[in-house]
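Look at the two complexes coming up: chain A is in both, with chain B in one and chain C in the other.
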Partner chain A sequence: MSAASVRRLIVIGLIALWEILPRMGFIPELFLPSLSSTLAAGWNEAGEYAHALAVTLYEVAISMAFACGGGILLGAVVGSLPRPRILIMPMVSSLYAVPLVILYPVFTVWLGIGSESKIAFASIYGFLPTMLATAAGIQTIDPQLLLAARSMGATLSQRLVRVIIPAAIPTVLSGLRVGGALVIVGVVVSEMLISSAGIGYLISRYRTILDSPHVFAGVLLVLAMAVAFNAAIKWIEGKAAIWQTGTRAGQSAEEIAPAALQPAT
Partner chain B sequence: MQSGLGVKAARVAIVVALFAIWEILSRTGIVNPRLLPSASDTLATLGDLLQRASVRKDLAVTATEVVTAFALAVPVGALIGFLIAENRYFAEVAKPLLFFAFSIPKSIFLPMFILVFGVGFSQKVGFGFFSTIFIVIMSTTTAVESVKVEHLTVARSYGATPMQTAFRVYLPSMLPVLLEALRISMIFNLTGVILAEMYASRDGIGHQIATWGENFQMKQLLAGVVMIAAIAIAFNELVRWVEARCSHWRT
Partner chain C sequence: MQPLANIAPLKPAGAIEVRNVGQVFKTTTQDVVALDNVSLDVKPGRFVVLVGPSGCGKSTLLMMMAGLRQQTSGTITISGAPIPEPDPNRVGVVFQEASLFPWLTAEENVEFPLALRGISKNDRRARAQEALKLVGLDGFGKRHPHELSGGMKQRVSIARGLVQDPPVLLMDEPFAALDEQTRMTMGDELLRIWAATGKTVVFVTHSLTEAVYLADEVIVMSPRPGRIVDHLQVPLPRPRTYEMLSGDAFGSLRDRIWRHIRKSA
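Moving on to the complex of A and B:
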């Protein structure tokens, strides 16, 4: 049997087990409600979930603009200039070791429990990996392309627009994927901790009243969001694959530091 | 090290400058000192907190949880990763699934751990384990794949025993990758445990930080943030230092 079909069987099997085990009572409904009751719970409260989803998506969109915009911009600057790179990159990667969740209480004190504190937290949360990925990717640009451009008398702005940016697109996209996933996590986590609206808030509220089906419906919704985002970026990556030739030996940023760039929670 | 003395001095200068800006912003009242106590006050509070028995107890609780989760996740994850990497068919089946599990956010499953384990030690260890294991599996597979086939062939044709192959071929080639994996999984683990403590807990330093935040005790809150950041960075740098020592084994 081919690997792909075994994989499909495993996935189908897991989904079936999710339905069967709680139904047969092997796992208490409190721990794991069956798939059908989860979906039913989500469907019955569709209005509430839709409203929460709107709040969360709004926060995600704004944070993503901050995190990815800032991260890509700063990463491009730091990555293309050798001096700041040597100076700052090790500092940024040690900063990456800090569990950033501890900053969230600070933001709630400063900005209150509304959307602002979530946006601030998620922006910071997504910013560092995006910046690291972009800076690492800029370094993979084939130096010969730059050399050729420079020897033919390209100005700095021409080099930036014609060489660096097109060659950096794959990197920027993978930075966007990592940063975007983290922004989604950041928003949902901060909503789960302290907030008054959004999917994370719904999950936490139903958790405190031990209403498992509704908790899982919320979790499924967040999962769907993360998967949809991933798929969207993959699609754009496929469209932009034509630019891939710009990097050294066609390697992408992911191959350089696969683990270091992944979401930490 | 490729970085000279000047670069190091510049890095220290940046850190000092950041603290100086923090101090000035607060002292001159550009930022409300009640919202941002000055750096010197925060550091004084930090020293004060470290003297307190309750804070020390919280630190000990968190450390126990982190170490337990780490001690469970690393061997289990390494074993699974090793098995997957050694069997080609198995790897083909499991890898995309693992990669998917790896890429989905783990923190949204935190409520599930509370529903199953209740609020307590096992819930934090469980969540720490859960948020660490996938990265360990992924890194171990990468580490095993970094072993060169030629080296194995040479060892085998010279009649190396499995033990010799393990210690003379696998370990040296895998060590740099494994150390890196250890460092990153510790980051994941620490984040997982602290998040779990902040979310629902009765003790632990994460819980303490969340409480300080809710009570607007900014000095204690910032001192706690500085403390955890310092611990995390110190661990990270330590492993990186070992990594640099071992890098001559990288082939």
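Moving on to the complex of A and C:
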């Protein structure tokens, strides 16, 4: 049996256990409601969940745009110019050691408990790894490629568009994978802490009234969101697979990035 | 694009003139003399090999002929005109690592210098096909570099250097990264291409055998500071054959170069 089918079997087995164990009474429904009662709870309150999902997705989308756009832009500047690098990198590194979640209460004071404070927090949360990956991607471009382009008469802007950007894409993508995942974490966590809408808020509210099936329905939705995001990134990476050797770090960036770029939570 | 007629060639196309060229690298502690008073004439259509130990400035000299680096003193002219910046219409360059863009196919790589000049897609494709045919890669145009062997990559690289039909081809240790067998085959291939096109070739290598096997003339250089210590004519007939490698004429030329290099290394 192939590894993939074994993996599939394990997932199916876990799902089956999720249904069977609570039903047989091995696990109290309060700790783990069965899959069917979780789905039923979600279905009964479909309107409420749909609204919460819309709020969360909206916050995630805006935060992604900020985190990824800003991260790529600043990463490109920091990666290609030594002066800003010397100024900014030490600050970014020390910022990395700070558990950024302590900033969130401050953001709620500044921006209120609506979407703005979630977006601010999640944007900053996802911004750092994206920026660092982009900077690394640009710094590790094979100088030989740039020399070759120059020997063919490429101007500075032609080198940027035709060499630097395509060569940096694999590392930037691996940064986006980490940054994007952290944006989802940031939004959901901040909704759970202080808020009035969103999936995180629903989970947190149902938890306080010990309504486990509704809590797990929210958890399922977050899970689905993360899986969908992962699939989307995989798809883009597949499209860009031939670029994987564009930088010297290209081949290894994929493995290094998630571990090396994970900030303190 | 400058037609050759406009640069008023005092010398015929393909002639290279190096006059009293010096190159000094300034470091914070001291000035390093990389090249000291180097003079050299290459007649059109000749195959000239620069050989010498590491640090003798042979690659530096080649980069200056390519317009990728400016000399500290002296003059270099290609086809009668100085070369203040890279000009692929006059000089094609082939590097040690094939330095192909991994995100482009073989033919797109060959088209790259043409694309920089805004030449139409059809024109580009036709000229790339022609160049790929010349290097024996007919039918491999749609492959990406990672789908090609080391020797094939170097052929693509040569095709890219030749696609604008420059009278001069500069090669910086192009076969250094290849295994012995591929290296021998590529040497023969290069001689075939050279005979078919009548280009002036300046070829940098570490290998004495390769130097004597390929060259009309061998320029031997010594380091600290980089100087020309010998300039040999290779009287072996063309086409060169594998049997010549074990002949007396070949051996004595090789020995003469080795004595220079042993003295300076």
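Everything below uses one rule, namely that the second predicted complex is superposed on the first by the 236 of 265 C-alpha atoms of A that agree within 3 Å, B and C clash if a C-alpha of one lies under 4 Å from a C-alpha of the other, contacts with A are read in each partner's own complex, and residues count from 1 in each chain.
The working rule: a contact is a pair of C-beta atoms (placed from the backbone, for glycine too) under 8 Å apart; a residue touches a chain by one contact, two chains touch by 3 or more.
None of the values given here were measured: they were computed from a predicted structure.
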{"item": "Clash or fit (per the criteria above) of chain B with chain C on chain A", "value": "fit"}
{"item": "Which of chain B and chain C A:P105 touches, first, second, both or neither", "value": "first"}
{"item": "First (chain B), second (chain C), both or neither touched by A:F127", "value": "neither"}
{"item": "Spatial angle chain C-chain A-chain B, Cα centroids [nearest 10 degrees]", "value": "100"}
{"item": "Which of chain B and chain C A:Y49 touches, first, second, both or neither", "value": "neither"}
{"item": "Of chain C and chain B, partner touching more chain A residues", "value": "B"}
{"item": "Partner chain(s) touched by A:V163 [first = chain B, second = chain C, both, neither]", "value": "second"}
{"item": "First, second, both or neither for A:F229, with chain B first and chain C second", "value": "neither"}
{"item": "Smallest separation of CA atoms, chain C relative to chain B, angstrom", "value": "14"}
{"item": "Chain A partner contacts - residues on chain C that touch it in the complex", "value": "66-68, 85-88, 93, 95-97, 99, 101-103, 112-113, 115-117, 144-146, 160"}
{"item": "Touching residues on chain B, where the partner in the complex is chain A", "value": "2-3, 7, 10-11, 14, 35, 89, 92-93, 96-97, 102-112, 114-116, 131, 135, 138-139, 142, 180-181, 183-184, 187-188, 190-192, 194-195, 198-199, 206, 209-210, 212-214, 216, 218, 221-222, 224-225, 228-229, 232-233, 235-237"}
{"item": "Of all residues in chain A, those that touch chain C in their complex", "value": "142, 144-145, 147-155, 158, 162-163, 166-167, 169, 242-246"}
{"item": "Sites on chain A touched by chain B in the complex", "value": "3, 6-7, 10-11, 30-32, 86-88, 90-91, 94-106, 108-110, 181, 184-185, 188-189, 192-194, 200, 203-204, 207, 210, 212, 215-216, 218-219, 222-223, 226-227, 230, 258-260, 262-265"}
